[in-house]
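In the two complexes that follow, subunit A is the common piece, with subunit B as its partner first and subunit C second.
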Partner chain A sequence: MNVSLKRIQAIFIKDYKEFSRNYAVSIMILFPIAFALLYRSEAGDQAAIYAFIMNFSLAMLTSFVQACLIAEEKERNTLRSLMMTPASMLDVLIGKSALVFLISAAVLAFSTYLFGYETSNVMLLTAALGISIVLYTAIGTICGLYSKTLLEASLSVFPVLIIFTAGPFALAFEEQYPFLEVLRYLPSSQLSELLVAMEVGAAAGELARPLVIISIWAVVLTIISFILYKKRLMDQ
Partner chain B sequence: MNIREMSVNGQRIIPPLELNMEKGIILGIQTNVQRKKILLAQFAERGDAYLSFAEQGEYTRLTVEELLRFMKSVSGHDKPVRLMLQLFQLGEYHKVKIADLPSSKKIYLSLLRVYYAQQPIIVLEEPYFQLEEPDQLAFARLLEELSEEKQILILTANLEDALISCDTVYRLDEAGLHLLDITDADDEMETRDEPGEAEFKIHKIPTKKNDKTILFNPPEIDYIESINSSAMVHVAGETYACALTLAELEERLQHYGFFRCHRSYIVNLQKVRELITWTKNSYSLRLTTGKDSVVPLSRTKLAELKELLNI
Partner chain C sequence: MNAISVQNIQKAFGSNVALKDVSFEIPKGEIFGFLGPSGSGKTTLLKILTAQLEATGGHAAVMEMPSGMMQKTAQKRRFGILTDNSGLYERLSIEENLDVFRRLYDLPKSSIDQVLHFVNLNADRKKRVNVLSKGMRQRVTLACAIIHEPELLFLDEPTSALDPVNTAHIHKGLRYLNERGTTIFLTTHDMTEAETLCERVAILHKGEIRAIGAPDELKKVHRDGTLTVELTSGEKERLSMNEDSAAAIAGWMSRGQIDRMYTNELSLGDIFIKLTGSELV
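For the complex of A and B:
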């Protein structure tokens, strides 16, 4: 499968224009910012709240936008026409994912600034968030592939939002229901754990574990999304 | 190009076919929706055909210019966007968002994607169905130009649509392809009797509708069409079956200003309002009747018609 930078760029620009003019989707960039402002003043458990905002933003912004971009293209039958041009499936997917990655990175950075979160290790935080964005983009791709219309896509993101964002909170009931232990391995719980560990100044080995688990999630989901993408487009 | 045999529930829908496609000749196939879908599916399996579907959508939030620029970069087309806008006669719309275009222009724009196709074969499904006339005309011209480089096939359920730009039209049914004679109808024109020496004849045209026999005075008739080799008489937007053949009808009606404008059509010249030129070798006649009825005109009959009308 050949990949061309020129075509990726064309798809990137096209999707950026469509995204910025579709207010139903682009309004999502306001959520992380609003949340950051809302929780800014609260003192105390800063890392946990910050982790919640990031987890929520990743699902609500990254997955949502990616799912909508793919579903809309399917809904209007433009993907089928695009497949008959020299643009490969990979061109389309990379162009869209790159746009979603950049938007998410910018918005998350801005809301981190607004929230006033300070960390001892900027590199580690950037790496963790960067890998998380890749992971949530892959989830968005999967959601988009399973929905036929824009409406379906926006609904399909909600299970993701609930499971991934609420996962860390459900851990509070872990003592009553031991099976909830599984939720500890959600990437959102791991991100939360990582941030808390960073704040208390844990050892390097302890910091590495959550990062590795998040990376495994990202790699596995990206591979699944690629396979599904290829398979479902062939079926059309 | 070969088309495989297709059966649904043990019933043969399409026999194995062989299509000869050439550059410079736009091929048309008139058939029903089911066969159209089967043909499209078979073309989709081939890698060398660009398919333009009737339900093609568009990036409605882009402007016309942005879309053409996108198509250019994605397909690797080399002509500048400004030139294409001119060629497509979309100059005045270049800053308009596609969502705000008139619906006929929107479909016209979607059809223009074929211009950026890299494949040697182009298959279009119902290209003219929802277009307004100026856009039909513009698209027919573009297709003719495009056919110099590509092999073009039009699939449609409507014969009139196929006649707008096809050089060769086939009808497809379970028995196979049937060539519709559009261009070389000359050879079959019967030598006519000299008028004047005819004896007294009945000049009413008998037709049947719902088991009733209805007699029409020739001047009432708009045009007569042959469908599956039986004549259908069109009067004021209604159709009536007639047991006579087109040749018999032509003979009966020639003194009333009727004209065999096409192998399957006889038109009442008193009711012709306009001669439409689609491309340099495809024409239609528009009638004055309340409904928007258009009758195809063979190229070979054009000279004869011009002579009759002294134009």
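For the complex of A and C:
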């Protein structure tokens, strides 16, 4: 595989500059923060509310930003120019994803702090969120690849947002509509389950299951996004 | 040694044949101009040579490698390319755009200053790309294509949006690059550019090469064999080259009646129109 740290860094720096000047996209970092402030003093199930904020933020920030970064590069023909330099497709994808990962991680951490969420197992929470960011970045890549314009990309994220954030709530109707059972396997539902399980101090085995399912999602979607990326960009 | 060698290249997009059967060679160190009406296949050929498109037939070698290899990292360092749809980062300044390329090619910071001077944009280096004029944009994309001083440079209509002063400045720069060893393959609709800059040109029409050679040679081949004599009386005589004409000329000459005398050559533009049967686009 042809990747170079220097070139990845070049893409990272460039995307950072573009991101920080593109207010329509960078404003997304305010959503998780606003939600955290809004719900911080809410009474009720802390783990469930916190899981909702995280799930919403992952789609609205991570997937959205990644999709926009990829789609814009296509729309403006800059990807074509990059492909003529020593930069490889992977350099570009990794550089972008690294930026989105870091932004997401920082914003989610800050929101967690603002919300005042306390966990018994910081390592586990960090791992679950970290893997989730990878997963939602891959979703963003896929959305970006299927969109021709920035606008299309931002719209394409909404179905993801709705299914993934509403999924855990729809599970409440599982008894009436058994087919909703499948929603249990959404990574967002699993994150929710994990947080609740951590709260009640569940056994290690019970904690491992959601983490494994989220990881499977992350691996599969990342592979799909790489394959699609290579394929979609080749024949343009 | 050839920088580019193309043998019987064909390219069809479905039933639309863009290149029928194109063969030519460009020796290392040459500035070669590719002329042809709009839609004749110039950009298509350029894309094939840089591995952005696959030919449907024939063989093309670039720097002694099959053209399909041009997307390999090691090869990509060796050439530079400017096309009409090369994109720039709108929210970055000229300087920041060039910095992306500088880093990707792993060059020192000074390369940005050099290339900015080359395209005459040093004073505007801090300007964001989204406020630039068309000609300035074109010069920034050109700068991105040459920042690494490639062995081979592909330019698709490099000066189409430029004023004469900047065109002349870019030509000077291209000649300088060429002297330092860069082979240049350019397409253009500007016959003066072709004539002043290119050592050889090819005229493409409907996917086939109709003429190839040095501009002067093409003019020789296509001259109509007549001579115009302008007399001091203001009369103009158009003569074919034969004995009668020679006698007539001798007569005028002995009486000191000849003001000017020249062979009737076609300009490159005339040849272009003659061969492609269409007006310049």
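Throughout what follows, the second predicted complex is superposed on the first by the 235 of 236 C-alpha atoms of A that agree within 3 Å, B and C clash if a C-alpha of one lies under 4 Å from a C-alpha of the other, contacts with A are read in each partner's own complex, and residues count from 1 in each chain.
What we mean here is this: a contact is a pair of C-beta atoms (placed from the backbone, for glycine too) under 8 Å apart; a residue touches a chain by one contact, two chains touch by 3 or more.
Bear in mind that the values here come from a model prediction, so they are computed numbers and not experimental data.
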item	value
Fit or clash between subunit C and subunit B when superposed on subunit A	clash
Contacts of A:S88 with subunit B and subunit C, given as first, second, both or neither	second
Subunit B versus subunit C as contact partner of A:N2, first or second or both or neither	second
First, second, both or neither for A:R21, with subunit B first and subunit C second	both
Superposition clash, subunit B versus subunit C, among 205-213, 241-249 or 277-285	277-285
Contact residues common to both interfaces of subunit A (with subunit B and with subunit C)	6-7, 9-11, 13-14, 17-18, 21-22, 76-78, 80-82, 84-87
Subunit A - residues contacting subunit B, complex	6-7, 9-11, 13-14, 17-18, 21-22, 75-78, 80-82, 84-87
Of all residues in subunit C, those that touch subunit A in their complex	50, 52, 71, 73, 76-77, 80-81, 83, 85-92, 96, 100-101, 103-106, 141, 144-145
Subunit C-facing residues of subunit A, complex	2, 6-7, 9-11, 13-14, 17-18, 21-22, 76-88
Residues of subunit B that touch subunit A when the two form their complex	50-53, 55-62, 66, 69-71, 73-76, 97, 113, 116-119
